[in-house]
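Quick one: the structure is below, questions incoming.
Per-chain residue numbering starts at 1, and chain names A, B, C and D are given in the order in which the chains are listed.
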Amino acid sequence: MNPLRLVVQPQHCIGCRACELACAFTHGAEGQPGASRCRTLTVGKDEYVPVLCLQCDHAACVQSCPTGAISQDPVTKIVHVDQEVCVRCMACTVACPFGNMHFDPNGQFVHKCDLCAGHGDYPRCAMFCPTRCLSVERMEPVS
Amino acid sequence: MEQTGPSTFYMTINGRRVQASAGEYVLDVTRRNGIHVPTLCHHPAVEPFGSCRLCMVEVTKEAWKGWKGLMTACLYPAADGLVIETDSESVHRVRRNVLDLLLARCPDSGVIQKLAAEYGVTRTTFTPRENPDLCILCGLCTRVCETAATAAITTAMRGHERVVGTPWGGPPPDCIGCLACAHVCPTGHITFEEHGLTRSIWGREFELERCADCGKPLPITRDQAAFLCRRQEMDPSYFSRCADCQRKMVAERMGRMARWQTLGLAQEPAERGKEVAR
Amino acid sequence: MDTVRYETVDAFRDHAAALRGSDLARRRRVLVCCGTGCLAGGARGVAEAFAEHLPDNKQTELGLVVKRTGCHGFCEKGPLVVLMPRGTFYRGVKPKHVPEIVERSVVGDEVIEELLYVDPGTGKPVAGYGDIEFYAKQTRVAMRNIGLIDPANIDDYMLRGGYDALARALSTMSPEQVLQTIEAAKLRGRGGGGFDAGRKWRSCKRAGGDVRYVIANGDEGDPGAFMDRSIMEGDPHAVLEGLIIGGYALESSQGYIYVRQEYPLAVEHLQRAIEDARGRGLLGENILGSGYSFEIEISRGGGAFVCGESSALMRSVEGKVGEPRAKYIHATDKGLWDRPTVLNNVETWATVPCIVEKGPEWFTGLGTERSKGTKAFSLVGKVKNTGLVEVEMGTTLRQIIFGPGGGMLDTGERGKFKAVQTGGPSGGCVPESLLDLPVDFDTLTEVGSMMGSGGMIVMDHSTCMVDVARYFLSFLVDESCGKCVPCREGLFQMYQIVSRICEGKGTPADLDKIDDLSQAIILGSLCALGKSGPNPVLSTLQYFRHEYEAHINEKRCPAGVCKALITYSVVNDRCDGCGACLSACAVGAIMGTPKKGDTFKIDALACDRCGACVAVCKRGAIAVA
Amino acid sequence: MTQSTQTQSMTTEVDTRPAEEILGQYPADARYLISVMQDIQLRYRYLPREALERVAERLGVPLAKVYGVATFYKAFSLTPKGEKELRVCTGTACHIRGAPLILSELTKRLGIKPGETTPDMLFSIEAVNCVGACALAPVVVVNDVAHGNVSVTGVRRLIKAPRKSGGAGGGTNKTTKKQDN
């Protein structure tokens, strides 16, 4: 299957934050909601932008990690943090030019959007988005 | 060179047939299969070391004619036909003694107390150390410092005098204050403090990098940023803003783009202007 | 003779033949032992006196040469001077004796009786080298040249057949044939475990890759062992030749000799030998025109016993802390700088040229079924003749100790044989009942000890076996690298337990604790240091359990060694009031005035039981209870 | 029995030129670390921090690693050693022939423990592993000269002569030398 891509169209965002809730509940543990990997920002009057990881190729987070804990899956193109390997030096949280590396101060771990890999493998934020703001499309096959 | 064996094969762990592949260690295989083997000195970010001896398992093979040996799972290469017991009597004897010894060394460590209790040791049967601390000398801190940072700390001395420390016991000149050592320490022996723009660890104070926009402290030190630029070959601008400000910038820009898009324009006028000028 | 570089094997052979047929080979030799032992006894002065009384022109005139040699092994009696070919053997020579020796024995033909070795058995002086029991009962292979040649002179080595084996290997054998020869000889490593050298070489060769290393382990750390020191100091070319032949068999181009920091003279002699061999074309580029090139570098140790362990040694050569690594992947696959590496001990390498020269059948003709050849031992402790002996494998402990060793040092009840410690801190103590054990790698392991590198420490009844166990534990606690828990913490706790027993605070439960902990240390330690660390305790516990029990149950040290369990007192009718003990006592615990007839007293509270008074008392008037 | 990890208390400037000279004799490769340090130890009788900083820089080894090596191996000392280094062999042969007695005699007479140096910088005592001169047990090595069959009284002789002239200061080196034969 071709890799998924999240498409964000802020013009449709109504600031309902359903995406944040969906994300937090999906990635929580033992029924507790976790911090959302998706953040909706208010940029003007009634103007909202959900900011999520773009799963960049040659990502800054990957490059900045001194232990090689962050990598991009060659097939799914998802940039993933291996929590076992991570030493929490926080370099990636600063390095991401889009501010999409989050740190959970309670659980003491770095997290980011993984397109719900392992959680139904389909982005929940998009599933719960009441408008067309967040949608999913399949990329062209990797050559 | 001829191929010495197939790249995937089967071995038996606690009577269960499990698949493994060349290049894996026994511990990788047990972990993948949810078989619990305790460890204290293991961390996937660094090379296996084999110092705590807790992950010892009993290994044999049909060809060994009944001979069994205790091996550290973290270092023993997975191989075709291995028969492994992770909880045999001799395995327990080693683990119980190791934990008893560690409890004599670090009687106040909650982590060790808990693990030791699992092997029936609630109080050490040995002579407890005078003035104990929480360091079990697993060497994770020094190893992670070497792989992820600057090898600023080291094990010094040898034998029973061995300690983890800094050159001449003073503030380590090469330290970048990244806290990786503190985060990997299994017993919480390595401590640090953060006040405002200052972080202190190993008796050294570090100034935190500040966000170029909002001025708030970033979770990395100036030395760390400089180190990352050098070692990871990145431009300093990558380490100049906080995640909040980065997100704000992205959101504002995307918001603007959305605004133009609603107006039926494909690109921001300013950007288009630039392109034309070029 | 002028320095020559042999461009071909034939050139080497011609020169060697010329050398052996020359006047130099026929000259009489005055050998002055300049081994560490004799140097400590003042051999340098003796050698200088000979140089003064026999200048070069006089040596030529008299048709003789004066040589400073390596250790003769009979260190107890040094400084030693041997006159060859007659074999007159003078011991305890001082510079003042030299003029007399020159006049009567060198220029003249007399034997100076006062300087001869007196046989302790017959009480008669022995004139000849070969007649002395210490030497007569030895078979020297690895130590074949030591004491007979000047280690700083390559010609001396060549006069005794040196480098013939290398020339033979390079000109008539393929690397594979050399390897097969070593395999056929069933040579086992002389450094400790006795691993089959041929098998080791074979697996290294099989490991593939272009770069391989060979290493000579000269980190002789076992306390009480100094054979390797003597070989490196006294016959450095033998080590080089073995290493070059090994390098050729393994198609390696780089060898290392790792020498203990404590052996500066060995470094000096090896360095000199390397330079000389290189100058002759026996080392370096295109050796003897064969196309084979090989370099040797000396790596000095930093003073750490654990570096005798192969993986720790390799880290040390790399310039790192000497911490062992797990050996699930062998050094023959991934050793020095992760390249296939063969590491053998100095004695093993020194044996290699003999095997190549004389053939594997000759070697397998010596020794026992599973341990071939000979083994060098350093025989020390409470024996009459301490020093180096090399005997055939399978010689019994009794034959060694009461043969070359000359029997026990002291007379009386306390001077009787109690045990012999072999294998250093990894070995154990063998009791009297096992004295007729034929010594080889396997028999010693079977009785709970080890061959080790060949240290043999003889103990009499004045030695406390619990104290010996404690001694080895304190050594290991100090020398453990501290990497793994069982060794670092376990041996330390074991030391605490045994110390408690020595102090009379032990309980019967301690012995069970020792047993359980020992098993965990043996099973759980990372390297051989830890795995064999409990051996000295276990073997003394096995054979001398009653001594442990005496300490625990009766609070008594049968040998009178453990300080907490003994008291000193003055035996009045033996004391003559000389007062030697008064000045010997550093804590002022002895009361009395030094005059004839006064009686001395020891204040038991002030006494720190150091034993200084016992050591100085010439009349044995201080009793230990 | 261990080396002191305390920071150098002396504040005198250390001349690093000899260290630079030693470094100049070796290729700038991490594998020569131990060799370089041995030469420095020989020259300075200890490893001055300033010298080790040069070593770390030149050989490209982190300073902490250099420090680790310096404290791991017995040959190295981070504190200056006395003019006369008395190394008491504690090998097995020496042990059973009375080395503990020799050692305790020395520590009592000099008032320092093994590993320490007298305040006047004249003597250091080290309890060392077998020096390989077992046939002469017990052995004390004084600045690389082995003294065999040492007795309690003999040991006193080893520490006597320089003591007497110790008060006179620097000019007494010659009298101390004689003692070594």
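Annotations
In this section, contacts are C-beta pairs under 8 Å (C-beta built on N, C-alpha and C of every residue); 3 or more make two chains touch, one makes a residue touch a chain.
Since we're looking at a predicted model, the values are computed, not measured.
Annotation: C-D is the more contact-rich of the chain pairs C-D and A-B, by number of C-beta pairs in contact.
Inter-chain spacing, taken between the CA centroids of chain A and chain C, is 68 Å. Mean C-alpha positions place chain A and chain D at a centre distance of 61 Å. Averaging Cα coordinates per chain places chain A and chain B 24 Å apart. Contacts with at least two other chains are made by residues 304, 321, 478-479, 481 of chain C. Residues of chain B found to touch two or more other chains are 155, 157-158, 161. Residue positions of chain A touching 2 or more other chains: there are none.
Per the contact rule defined earlier, chains pair up in contact as A-B, B-C, B-D, C-D.
Those residues of chain C that touch chain B in the complex are listed here as 208, 304, 306, 321, 325-326, 328-329, 477-486, 488-493, 496, 513, 516-517, 519-521, 523-526. The touching residues of chain D, counted against chain C in their complex, run 1, 30-35, 37-38, 59, 61, 65, 68-69, 72-76, 90-98, 101, 104-105, 108-109, 128-137, 139, 144-148, 151-153, 181.
Chain B meets chain C in the complex at residues 1, 49-53, 56, 70-72, 75-77, 90, 93-94, 96-98, 101-102, 104-105, 125-127, 136-137, 139, 155, 157-162. Note for the complex: chain A touches chain B at residues 8-11, 39, 41, 43-44, 47, 49, 51, 60, 63-69, 82, 84-91, 93-103, 108. Listing the residues of chain B that touch chain D in their complex gives 142, 146, 150-158, 161, 163, 165-170, 172-174.
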